[in-house]
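Two complexes are shown next, each including chain A; its partner changes from chain B in the first to chain C in the second.
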Partner chain A sequence: MRGYVVRRLVHGAFVLWAAVTLSFAVLHLVPGDPVSIMLGQGEGADVSNVSAAQVEALRASLGLDRPLPLQYLSYLWNAVHLDFGQSYSTGEPVTTMIARALPATVSLALLSLLIAVATGVGAAIAATLLPWAPARSLFLSTTVVGVSVPSFWIAILLIQLLSFRLGWFPAVGNDGLTSLVLPAVSLAIPTAGVLAQVLGKSIRTALGEPYILTARAKGAGRLRILLRHAIRNASIPTMTMIGMMVGGVLAGATITETIFARQGVGRITVDAINAHDFPVIQALVFFAGGLYVLVNLVVDLVYPKVDPRIVVRTAMA
Partner chain B sequence: MIRAADATPLLEVADLKVSFDTSRGTVDAVRDAGLTVFRGQTVALVGESGSGKTTTGHAVIGLLPPHARIGAGSVRFGGKELVGQSSKEWRALRGRSMGLIPQDPMVSLNPVVRVGRQVAEVLHIHELATGADAEQQAVRMLADAGLPDPERHARQYPHELSGGMRQRVLIAIALAGRPQLIIADEPTSALDVTVQRRILDHLEKLAADTGTAVLLITHDLGVAADRASHLVVMSKGHVVEAGPTRQVLRSPEHPYTKALFAAAPSLRSAKRRLGPRSAGQTVAGSSAPSDAPVDVADAERAPLLRVTGLRRFFTVPTLEGGREILRAVDDVSFIVGRASSLGLVGESGSGKSTTARVVLGLDRPHAGRIEFAGQELTVLRPRALREIRRRIQPIFQDPYASLDPRFSVEQVIEEPLRAFRVGTRASRRSRVRELLDQVALPSAVRHRRPAELSGGQRQRVAIARALALQPELVICDEPVSALDVSVQAQILTLLASLQDDLGLSYLLISHDLAVVRQICDHVVVLRNGRIIESGPVAQVFDHPREDYTRELLDAIPGRRHDAARVGSLAGE
Partner chain C sequence: MFDTQSTSATQNAHAAVVDPTVLPAQEVEYSAGRRVRRWVAELVRQPGLVLSLLWVLLVIAWAAAPTVFTSYDPIAANAAHSLRGPSGTYWFGTDNLGRDLYSRVVFGTRQSMQASVVAVGLSLALGAILGMAAGYLGRWVDDLAMRVVDVLIAIPGLLLSMAVVSILGFGVTNVALAVGVAGIPGFARIIRAEVLRIKSSTYFDAAQASGTRTLAILVRHVVPNATGPVLVLAALELGGAVLSVSALSFLGYGSTPPAPEWGSLVSQGRDYMGTAWWLTTFPGLVVALTVLAANRIGRALERTGVEA
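Moving on to the complex of A and B:
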C-alpha cells in the first residue's frame, strides 16, 4: 500500500511538472507583455511616454530579460521550493496573496460540493424510488436541466430573484454565510445535475443485475434493495465524478466569484491573467494541479473500501 | 407417492398466461400453462430457452419483469390465490414461504457484501433473528448447504469463492427462511459436472430432510430425469407433456418430447458418424505413451499437431495476500492426427482452455514443444507464425460474445480473408456465400447482424468464419455449451459432416463428456493442469482406468436412469 502511494505521488509530481511547463509555455506564447501592462496601469496613460530605458530596467528587475530556458529553469527551481516570488502588479509575495484568498474559496467550494452531492444523490434516488412513474421522470428531467444550464446564468437568475426582488441574500460581497449561499448554490446546480445523472444511470444499471433478483426473492422491499444493494454497487462511477468535480468547482469559482464580486482565488486568477502577472498565474496552476492530484489519489484509495473486488496493486505491474 | 392427507397440492398453477409488452406489441411467453407440486415433491419443468419455463417460475414467485403481465389463470399456493395479491403480501411470502435459487451463481450474489450477511439478510427481513444471532445462524446455514469452513467463508466476498461455493451460498439463502417450496432455476447449468452432481445431491438431501418441495427448472433432460418424480415439459409457452418421470421417459407422447429426448446428449451416446473415414492418428498422453503406437513411416498419417511437455504457469495472489505459482498447464503432451478429433476434457481450472490458447498462439508456453505439420511453433518469428495461423482456426464458446455486433454476417466471415488479402472483393463475397452454404445457412443472412440471429445460427456463422481460410486444424473451445440441447445436436452433426467433407482435424475442448463422446476419436482427461488419462474414446469411456475419469463419467446427468433403455426407446 505504501509503495502504491509513493508511486502515485511520483506520478502526481510528473503531472504537476507537465502542468506548470504547459502554463509557462502558454503564458509566453500569448501576445501581451506584462511590463507594458504594468507601466500602462501605473501611469494611467499609454506606454509611449515611458522611456525605453525604464522599460528595460523594469524588465531586468523582473528577470524577464533573461533567455526563456533560463527563466523556465529558475521558475522550476523556485517552484520546487514553493517560492513563487512576488506579484508583478502588487509586489506582494504570491503565497501571501493566495493564502489570504484561500479561505473564501475553500468555504465556497466545500459548501457547493456539499449542496451538489446532497441534491444530486437525492435527485438520483427520487428518480428511481418514487412510486409514481411520472414523478420519477420529472426528477429525471430536472437533472437534464441542471446539466444544461450554465452556472453564470443561474447566478444572474438567483441574484435577480433572491436578492433584488426578495432581498433574502446579499447580491455581492464576502461577509458571512448569507453571502456564501447564492454563489454556492449557483456553482452547485450544474454539478448536482451531472452527479444525479451519473448516479441515477448507475443505479438503474445495478437494479437490472441478477443479484437484485436474489434480493427480491428474499422478500426485500424497494428501499432495502436500493440502499443495501443498488447504491453501493452504483457508487464507483459517482466517486470518480466527485474527484473530477473538485477541478470543476475550482474552475467554476473563477466565474462565480467574478459575478458575485467575491474576493477569492478565482478572482485573483482572473486579475492575474488580465495583468499577465506570471508569478501569480504559475503559482495558481501549481496549487490547482496539486489539489487535483491529491483528491484523485484519495478517491483511488477509497475505491477498495467501497468495492472489495478492487485491489490496489502494491507491486509494479 | 402422494398420501391422502397431502391431497391438497402445495402449488397449483392453472391456465396461466403471461405476456410481455415489447416494441412490436404484446408477445405471449406462456399460454395455458398448468402444473401441480405437492408437499415435499420435486417436479422438473423442462424445456429449451424461450419455452417459457423461467417465466412460469418467476410468475409463481411474483418476480416477473416490469413489462410482463399475467393475462389470465391462477397460481394457488397452499390454497391461497397469489395472482393479484399486494406487493406487501408478496414480500412476506418471498424468502419465507418460497425460496428462489437463481440461474447463474457467478452474478447472483451482491459483490460488495460479505456472503454471511447476505444469508443473514433473509432472517433480518422476515424478523426471524437479529444482530449477532442472525450472523451465527447464517454460518450454520452455510454449513448445512455444504460450504466447507463456513466461518471463514461467511466473512468473504462472493468474488473470493468458486462458482460451486457461490451456488451453495445461494442455496443457503433460499433455505434460510425454511420455505415450503424452492424454485431452482437452472441451479447448476453454469457449473462443472462433478460440482453439479454434488450440489444437486445436496439439494435433494436438504429438501428431503426439511420436507421442502422443489420446482426444478432445467433445459437438461438428464438432470430432470435424475432428480424429479414428475416432469412437466414446456415448448413455445405451452405445457406439452406432464406426468410421472418414469412414465414420460418410457413413452413420450408429444413429438416435441420425443425430439428433446433424441437430442439430449446425456441420454444417448453414439458417436455421430456420417460415413466411413480414414483412420485418424492416435493420441499419446505423457502419462501413457503406450496408448499411441505412432507410425512415422507413413507420411500421410504423420500427426498434424504434436504437443510435447507443454507448461504454462501463472502467478496468482493468494487469499492471505501473498503470491503463488499456479501450474495451469503442467507437462501436457498429445497428438492430433490428420482428419481426426481429440477431446480435451476436465473441470474448470483443469488447464484445457489455457492449452488451447497456447496452441492458437494467443499465449506463450513456459516450456514444451508445439509441432504443427512438422514445424515447431514456439520458435517461429511473428511473420511465419502469422502464416501458420491461417491453418489453425478457433471456434469459441459464446457465439453471443465472439462475433462483432457491428459487423454484418458477411463482414464477419470475410474478415479473415481480408486480413490475409485473399482474392478480390468479388471472389471473397462469393466465398462467403459458399461458406454459408457449407454451414447450412441461407445466403440471405449475410446482410444481417449477429444480434438478429439465434444462438445456433450465430455458432454456424462462427464456424463459417473459422473455415474461411481453409484451415487444417480447428480448435473448438466449448463449441456448444452455450446452446440449447436440440441446437447442440445440430451443431455437432454439422461439425462431424464438415470434418468428413473437408478432412478437418479438431481439437475440441469441453467440460461435457457427452459432447466429446459424440465427436471425438481420442480423449485426454485433464485435472489441475496434468493429464490423468488418455486414449481412444471408447476405451476411456467404457473402461476408465482412473477414479477421476470414472467420477466425471458418473456425474453426467441422466446416468441414474437406465441410459441404454431410455436411449433405445427415444431413438426409435
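Moving on to the complex of A and C:
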C-alpha cells in the first residue's frame, strides 16, 4: 500500500512539474517575449510610446534578461516554494493575491459541490428506480439538459427571475449566504448533470449483475438491494470523476464570479487573462493541477474502503 | 473493399463491429441494409432524436445561408426600434441599437459553429496522432504520450483554454484552437484504446503476417474500425465545444463587435438584464438547444453502436 502511495505521489509530482515546465516553455517559446506581449496587449497600450530603455528596464526588473535555462531553474525552484513572483499588473506577490481570494471561491465551490452531489445522486436514483417509466425518462432527460445548458446562461436566468423579478436573492456581491446561493446553484447544474449521468449508467449496469439476482433470491428488499449492493458498486466510476468535477467547478467559477461580481480566484483568473498577467496565470494553472492530483490521490486511497477488491489488485500490480 | 462503408458517416459507426475483411461482400451489403432499417426504427421510437437532427439541420442551414432565414441586417442600427420585445416582426426582439436579435443569432451561427467544428477537428487530429502513436508503437512512445495526456487532463478544460487564449491572443480562431487543445486527451485515450483492441485481433495479425506496411495497416484497418467510438465522442465533444466557445466568447475573448456570435450576444445582453430579458434568453437558449441536440445524437450513436 505504501509503495502504491509513493508511486502515485511521484506521478503527481511529475504531472505538476510537466505543467509548470510546459507553461514556462510555451510562454518563452511563442514569438514575442513576455515584456512585449505585456506592453503591447495590456490595457490597449501603444507600444510606440515605450522607449527601448524602458523595455530593457522592465525586462531586467522581471529577471527576463537572464539566460533562459537559469530563468527556468529559478522559476522551478520558486514554484516548489509556491512562489510565482509578482503580478505584472498589480505588482503584488501572486501567491498572496490567490490566498486572499481563496476563501470566497472555496465556500462557493463547496456549496456548489454539495448541491451538485445531492441533486446529481437524487436524479440518478430517480432516473433508474422510479416505478413509472415516463417519470424515469423525464429524470433522464433532465440530466442531459443539465450538461447541455451553458452555466453563464443559467446564472443570468436565475438573476433575472429570482433577483430582479422576485427579489429573493441579491444579484451581485460577496456578503453572506444569500449572495452565495445563486452562484452556487448555477455552478452546480452542469456538475450535477454529469454526475447523474455517470452514476445512473453505473447503477443500471450494476443492477444487471449476477450478485443483484443473488441478493434478490435471498429475499433482500428493493431498497436494500439499491443501497447495499447497487449504489455501492456503482459509486466507483463516479468517484473517479470527483477530481474532474472539482476542477470543473473551479474553472466554472471564472464565469460565475464574473457574472455575480464576486471577488474570488475565478475573478482573478479572468482579470489575469484580460491583462496577459502571465505569473498569475501560471500560478493558477499550477494550483489547479495540484488540486487535481491531490483530490485524485485522496480518491484512490478511499477506493479500497468502498470496494475491498481493489486492495488486492494494487497489491498484485 | 470499403465502398460499402463509405456511403455515410453514420453507417461507419456500425461498421466498426462488422469486419469486411472477413465477411464476403454480399453479407456486408445485407447488414448495411439492416443497419439502415435499425436506424429508421430507432428514429420512429425516439421523437427527441428526430427533433435533435432537425435542429442540427436548421443550425447548419443558418450557418450556410443566413440570408435565406432573415431579411434584417444583423449589424445596421435602427435607433427608432431599440429594445423592443419579441413580436411577429422581431421574433427575438431587438437590442439597444434596434438590431433584430433573431437576425443576429442567425448570422452569429456561422462563427460559433465554425469555431466549434475547428476545435473538435483539432482535438480529433492531434488526439488521433497521439493515440495512434501511443497504441501502435507502444513502449516509451506510449508512456510519453500518456503522460502528455495526464498533464492536459490535470488542468480543467476551461482554464486550459483560457491560458492558451491568453498566449495566442484574443479572437475567434484562437478561441477555437484553445478549445481544441483542451479536447485532445479524450480523443487520444479513446483512439489508443481502439488501436490496442484492434492490435489484438486476428485480422491485424493476418495483415501483419502478409507483410502489409505499418502505415497501410493503420489507414486500412485501424482507422475504419475505430470510427464508431470516435464518432460518438466527436458528437459529444462538438456539444462541449459549442459550450466552451460560447463561454470564452461570453468572457470577451472571441469575436470583435459588431460581428455577432452566440456567446458574445448573451454577454452584450447582460447590460440590459433588468429591462430586456430577451437579449440574454434567446441566444442562450439557442446555445443550449444546439448542445442538447449534439448530446442527444451522440448518445443515440453510442446506443446503436453497442447494439450492432
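To be clear about the criterion, the second predicted complex is superposed on the first by the 288 of 317 C-alpha atoms of A that agree within 3 Å, B and C clash if a C-alpha of one lies under 4 Å from a C-alpha of the other, contacts with A are read in each partner's own complex, and residues count from 1 in each chain.
Heads up, the rule we're going with is that a residue touches a chain if its C-beta (ideal position, glycine included) is under 8 Å from a C-beta of that chain, and two chains touch if they have at least 3 such contacts.
Just so we're clear, the structure is a prediction, and the values are computed from it rather than from any experiment.
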Which of chain B and chain C A:R232 touches, first, second, both or neither: first
Partner chain in contact with A:A18 - chain B first, chain C second, else both or neither: second
Contacts of A:D300 with chain B and chain C, given as first, second, both or neither: neither
Chain B versus chain C as contact partner of A:I156, first or second or both or neither: second
Partner chain in contact with A:D83 - chain B first, chain C second, else both or neither: neither
Of chain C and chain B, partner touching more chain A residues: C
Which superposed partner A:R216 touches (first chain B, second chain C, both, neither): first
Which of chain B and chain C A:D271 touches, first, second, both or neither: neither
Touch list for chain A against partner chain B, complex: 209-211, 213-221, 224, 228-229, 232-233, 306-309, 311
Of all residues in chain C, those that touch chain A in their complex: 48, 147-148, 150-151, 153-160, 162-163, 165-169, 239, 243, 246-247, 250-253, 263, 266, 269-270, 273-274, 277, 280-281, 284-285, 287-288, 291-292, 295-296, 299
Partner chain A, residues of chain B touching it in the complex: 61, 63, 91-96, 99-100, 102-104, 107-113, 118, 121-122, 125-126, 157, 159, 170, 173-174, 176-177, 317
Of all residues in chain A, those that touch chain C in their complex: 11, 14-16, 18-19, 22-23, 26-27, 30, 41, 141, 144-145, 147-153, 156-157, 159-160, 164, 244, 247-248, 250-252, 254-255, 258-259, 269-270, 272-274, 276, 278, 281, 284-285, 288-289, 292-293
